[in-house]
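Presented sequentially are two complexes of subunit A, the first with subunit B as partner and the second with subunit C.
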Partner chain A sequence: MTKKKKLTLNDISRNAEKRLTEINIDELIPLPPPYDKSEELPGIKPLTDDQKTRLVDNLDGFNALVLLKPQSKEEEDKFVRQFEAGLKKLLNKGDNWTFLQPLLLSLEHCVRCQTCSDACPVYVASGKQEIYRPTYRAEIFRRLINKFAKPGGKWLAKLKGADIKLNWATISRLYELAYRCTLCRRCAQTCPIGVDNGLITRELRKLFSQELGWAPKELHEKGTVLQLEVGSPTGLRPDVAKDNMEFIDEDFTESLGIKIKTNWDKQGADVLLLHSAGDILSFPESVIAFAIICDKAGISWTLSSDIPGYDGVNYGLFYDDIQLAKVATRHAQIAKKLKVKKIVMGECGHEHKALATVADRLLTGDLNIPRESFITFFEDIVFSGKIKFDPSKNNFPVTLHDPCNIVRNLGIVEPQRRILRYLCPQFREMIPHGVDNQCCGGGGGLSVMSDVNINDFKALIAGRMKLKQILEAFSDHPRPDVNKYLCAPCLNCKLQMRVIFDYYGVQEKSGIYIGGLAELIVNAMVDLKKPFITWGEE
Partner chain B sequence: MSGLYWPVFIFTIVFVFIALMVYRVLKIIKMPVHLRWELAPIPHDKERYSHGGSYLEEHEWWRRKQPKAFFPIITYMAWEIFLMKGVWQHNRGLWPFSFTLHWGIYLVILSLFFHFINAMLLIGSVPAAVQDVFFSIASVVAVTGYCVGLFGVVGLILKRYLDKNYREYSSYSTYFKLLFLAAIFVSGIVAWALSNDFANALGVFTRDLFTVDSGITTTAAMGSHIIIIFLFILYLPFTDMVHFITKFFTHHSVRWDDSPQNEKMTAKLRDLINQPVTWSAPHVKSNRGNRWGDIVEKEND
Partner chain C sequence: MAQIELAGVMLQVDEHGFMQETGKWTEDIARAYGQKEGVTELTDDHWKALNYLRNYYLANGICPMVRRLVKETGFTLKKLYDLFPEGPANSACKWAGVPKATGCV
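On to the complex of A and B.
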């Protein structure tokens, strides 16, 4: 094997037609058996001839963004000029009051000590490919900001030896590279100075979105735009969502033998449950489990059929402040209209971060309605004595995945563990866990992005550390003869894990099933005569 | 350099340094309220810090005022500043050099403090035996600082140049900064080696400085050392080394800023939301000087 040339920062602006690096599966960190044979894996799907003709493919062989090749040099130059204008707007108080202080603090005080590198699951899993180092992208962006958005920048860049060319190669690669980070912020956690490369990456995405109008279609066009227009990025319109839920209610009523009915638009309810609509489609048992828990605990609750009140996702968090604010404001307006006492955020990590903390300073006046995590809401119910539990019903191996947005970003760590320690006799932790957890690999919006071959990146690299952790947590039962439960209380994490599990055949080879926290609570209820968790059986 | 040039040179630099640092800090403080972007663990949450938890772990957290502890913040910062805990935990290979460089700097700063004390003792005509004790302490602190700091800075220069993980991220300015620090330590060692009574000479120099004695003078070696130190102080505010101050803001104003919106903040936020937006992407609809709040609200009408 020929040794790879060491990638330099300036390579980003050279040879726009050529890939910056090539990923070799054999260079990735090894996985435990039976997942250690790379020749048995599907590999990395190559671009088709048509895709090669149409799309920009100059980064790493993965393609998430479907960026079309410009038709002329003039078009390239136009984008470059827009990018340069965007750099200046990021430092402008009016345009970027939302993150100006955190951004400047992170840009101006990094000492390039590389302490953050080994915290990055993408960088480490890739076998330390330079392109994925948290500081690679951040340092290029920092040098561009210093050069083009600060007084005397061009002169100083030369003097300091920190000059980066701004051209089509630079911006097209930076755009794709901005979506090789899961925004998990493990890097930020280790920085002795407090620099946040996750934030820098998000600001880079924001520049592309808010100035050039470039964003992954799954996040923007079919994400926030669709959500504000029809109600949900899933495309579920209110009437369809209600119909689906009616069908699911009937289905579970029949299979469980207990009456289940979803409440819609109940004025003055104590709680507005804000699920991800993706759960209705992909994990309906989660939505049903919430309904059962609330009903059994005697909670006055409702869902909303207003657009987008039945979908708590907010992809704006990943790439665009304006879209973030639009969605969060709409959620708050719906809660206000229903006159609920509080919003309970469902099993969706980024919904938590967007609504509980980030939007806290967007929702002023009577829009600032109390918002609580489903985790503390459930903990209160579980330990209130209102529902009787039999933990022996959950006597199978269970481990917990900590969604970054709930744990590292919000600091909700122990309540879910208290529930699991009480209800699951075979609960075991992953290592590391809690605020030191490994990202699922689908953070930062990657989970819902699936164009071209980005799923291969998600399965092979971004989610590799997580898969390793999961397998190690169940190493006492490696074979599929024992059903094992991976509790991942976040829709995006669950979707990402499905991608990983499908890629490697984890369910078949290891007998691990993915589910949420609500399902485990319901499964342990004494009142429920039939098992709620069915291990993939209808 | 001799006579009044010294106090003019040194006090001007001290003044400019303070002014620049105040400017940098004010620039940070005056930045607008930003959206929350905290990161666990947050030390001021005394009850839950040990496991990284926050007040959001509490059922209906808004019903109770959330206290903020002061002591864990001090402990956290002390571990970071004095022991480089983060680097120790996550970047062990760098720690010996980072730790010694920082301690070299701390000791040199401490020695400056002792030179000031010695100047006061000289002005106060304190008995020679007492002065000798303080001169000895100043000497030991300064020379230890130079040696330890030199070890650290040479280690860092070599690490940055030889280790591929660092080389690409080290610009001319990175090496310049480190060489400048090395110059402080080397010139200090030279001044000490060429002086019969290093601390005494610096004590006398400091005394003459503060009494603005026109006869102030020093040896070439000592003078060079002093000039290098003060030129470095002048250079410092233009570098990322101001992290000794800005670390406070990266932590308190961002990472640990978990304060829910309050009335004072609401007023500021309303002003910010009323600012015009100039982003050009079509979905932003910033044409005709639309304001932040309008853009968000209109979409939701």
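On to the complex of A and C.
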């Protein structure tokens, strides 16, 4: 085998028709057995001949974005000019007041020490492919900004030997490359001076969305646009949401033998629960567990059937400031209209970041409704003495995944652990954990993106470090004879783990099941006569 | 937009082969999808699931949750995987001519 030629920054603008790199599964970091035999895995699904003729395929052989080949040189040039205009806007306070300051800090201060590289789950898992190095994308972007958005930039770029050509090859590759990062921000955490490559990646996505109209269809057209129109990116309308909850309430009332009834649009309730609609559809036991916990604790709670008050996701966080603001504002307006005392954010990491962190600059005055994480909310309830628990009901191996947007971003580390140490006798940590956690590999919107063959990237590379950690945490019971519980209290993380588990057959080979935090709390309740966690049995 | 020909009809499909114009669906198209995945004959059980899925989608604008599909058809999840090789979301919805599920599901 010939050694790969080292990729340079300038390669990004060369040979627009050719892939910049080829991924070979045998170069990825090894996984523990029985997942160590690459020939037994599904591999990387190649593009079909039809896709090769229609789609831009010039990065790494994965395709998330279904970017169509331009029909003419004029069309290519138009996009290149739009990109250049977008670079200038990113540095203009009037256009980018939200993120200008952190962007400037991240652009100015990188000293290229590469400390971040070893923290990046994508780069490390890939066997250190240059193309995924966090500074590869960021440094190209930095040089383009310096060249095109600063006075005398073109002249200085030549003088410093930091000249990157801006052409069709550059922008089409950067677009796809902006979606090879999960925005987990381990890089920012480890950087000695706080350079945030995750933020740079997101600014790049924002430029493409707001200036060129390029965004993944799962995030935009079938994402925020659908959410604002219909109520949810899943397409779930308010009447169908209510009908589904009624069905689930009855189903669980029947199977558990306790009365469950979802509250809708209750004016003046203490708490508006803001779940992800995907939990209603794909993990209804999570939504039911919240209802049981709140009822048993005597809390006055409600869901909202306003558009989009029953879906707390906000994909704008991943790619577009305007869409982000629209969704976050609607969420706050709905809470205001209901006159609730606070919003409790459900098991969704990016909802936390959108609503508690980023929207903090947006939701001022009477829209500044108190927002609390379900984690601290649950901790107060679990230790209030209002509910009786029998931890022996949870006597199976449990490990905890830390969603980046809740733990690294918001610093909520210990409350969920106090709950698990109390309620789960066989709780064990992954290594590393807490704010040093490994991303599930579905962050930054990748979890909801599944076009062409991007799921193979998510399973093989982005989620590889996570899979390794999960298997290691359960290495005392490697086989499926013992049921094991992976507590991943975030819908996007759960969905990404489902992609990984399906790809490798983890549930069948290792007996690991994915669920949230609420289910473990309910499963340990003395009052519940039947087990709440059913290990895939209906 | 990608196109495929199934049962003699040219169809607009997404990158995973899901129909984009659900009104063009016919039972022959469902059979042709089945053929492509190695299921040569659609039984009454197939139709029971496919008809439920399709009617639910047309009424509600979304595919039913799996829990509902299981309850309404009386089939276990395992049985659904036996009937539809790639499972309810990736095979059954596709054969029923409805678009691929979107969002966090």
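Keep this in mind: the second predicted complex is superposed on the first by the 538 of 538 C-alpha atoms of A that agree within 3 Å, B and C clash if a C-alpha of one lies under 4 Å from a C-alpha of the other, contacts with A are read in each partner's own complex, and residues count from 1 in each chain.
Operating definition for what follows: a residue touches a chain if its C-beta (ideal position, glycine included) is under 8 Å from a C-beta of that chain, and two chains touch if they have at least 3 such contacts.
Because the structure is a prediction, the values reported are computed rather than measured.
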{"item": "Clash-or-fit label for the pair subunit B, subunit C on subunit A", "value": "fit"}
{"item": "Touching partner for A:Gly515 - first (subunit B), second (subunit C), both, neither", "value": "neither"}
{"item": "Contacts of A:Asp196 with subunit B and subunit C, given as first, second, both or neither", "value": "first"}
{"item": "Touching partner for A:Val448 - first (subunit B), second (subunit C), both, neither", "value": "second"}
{"item": "Partner chain(s) touched by A:Pro489 [first = subunit B, second = subunit C, both, neither]", "value": "neither"}
{"item": "Contacts of A:Glu218 with subunit B and subunit C, given as first, second, both or neither", "value": "second"}
{"item": "Touch count on subunit A, higher of subunit B and subunit C", "value": "B"}
{"item": "Which of subunit B and subunit C A:Asp360 touches, first, second, both or neither", "value": "first"}
{"item": "First, second, both or neither for A:Ser232, with subunit B first and subunit C second", "value": "second"}
{"item": "Degrees between the directions from subunit A toward subunit B and toward subunit C, using C-alpha centres, nearest 10", "value": "160"}
{"item": "Touching partner for A:Thr115 - first (subunit B), second (subunit C), both, neither", "value": "first"}
{"item": "Minimum C-alpha separation between subunit B and subunit C after superposing on chain A, in Å", "value": "19"}
{"item": "List of subunit A residues in touch with subunit C within their complex", "value": "50-51, 54, 66, 218, 222-223, 226, 230, 232-237, 240, 243-244, 247-248, 251, 276-282, 284, 313, 348, 447-448, 450-452, 491-492, 495, 538"}
{"item": "For the subunit B and subunit A complex, residues of the former touching the latter", "value": "28, 31-42, 45, 48, 51-62, 80, 84-87, 89-91, 94, 98, 164-166, 168-174, 240-243, 246-247, 249-251, 253-255, 258, 260-261, 265-266, 269-270, 272-273, 275-284, 292, 295-297, 299-300"}
{"item": "Residues on subunit C engaged by subunit A in the complex (per definition of touch)", "value": "2, 14-16, 60-62, 65-68, 70-71, 76-77, 101-105"}
{"item": "Subunit A to subunit B touching residues, read off their complex", "value": "6-9, 82, 85-86, 89, 92-95, 97-102, 104-106, 108-119, 130, 135, 139, 159-162, 185, 188-196, 199, 209-213, 220, 225, 228, 321-323, 325-326, 329-330, 333, 342, 356-365, 368, 370, 372-373, 376-377, 379-380, 407-415, 434-436"}
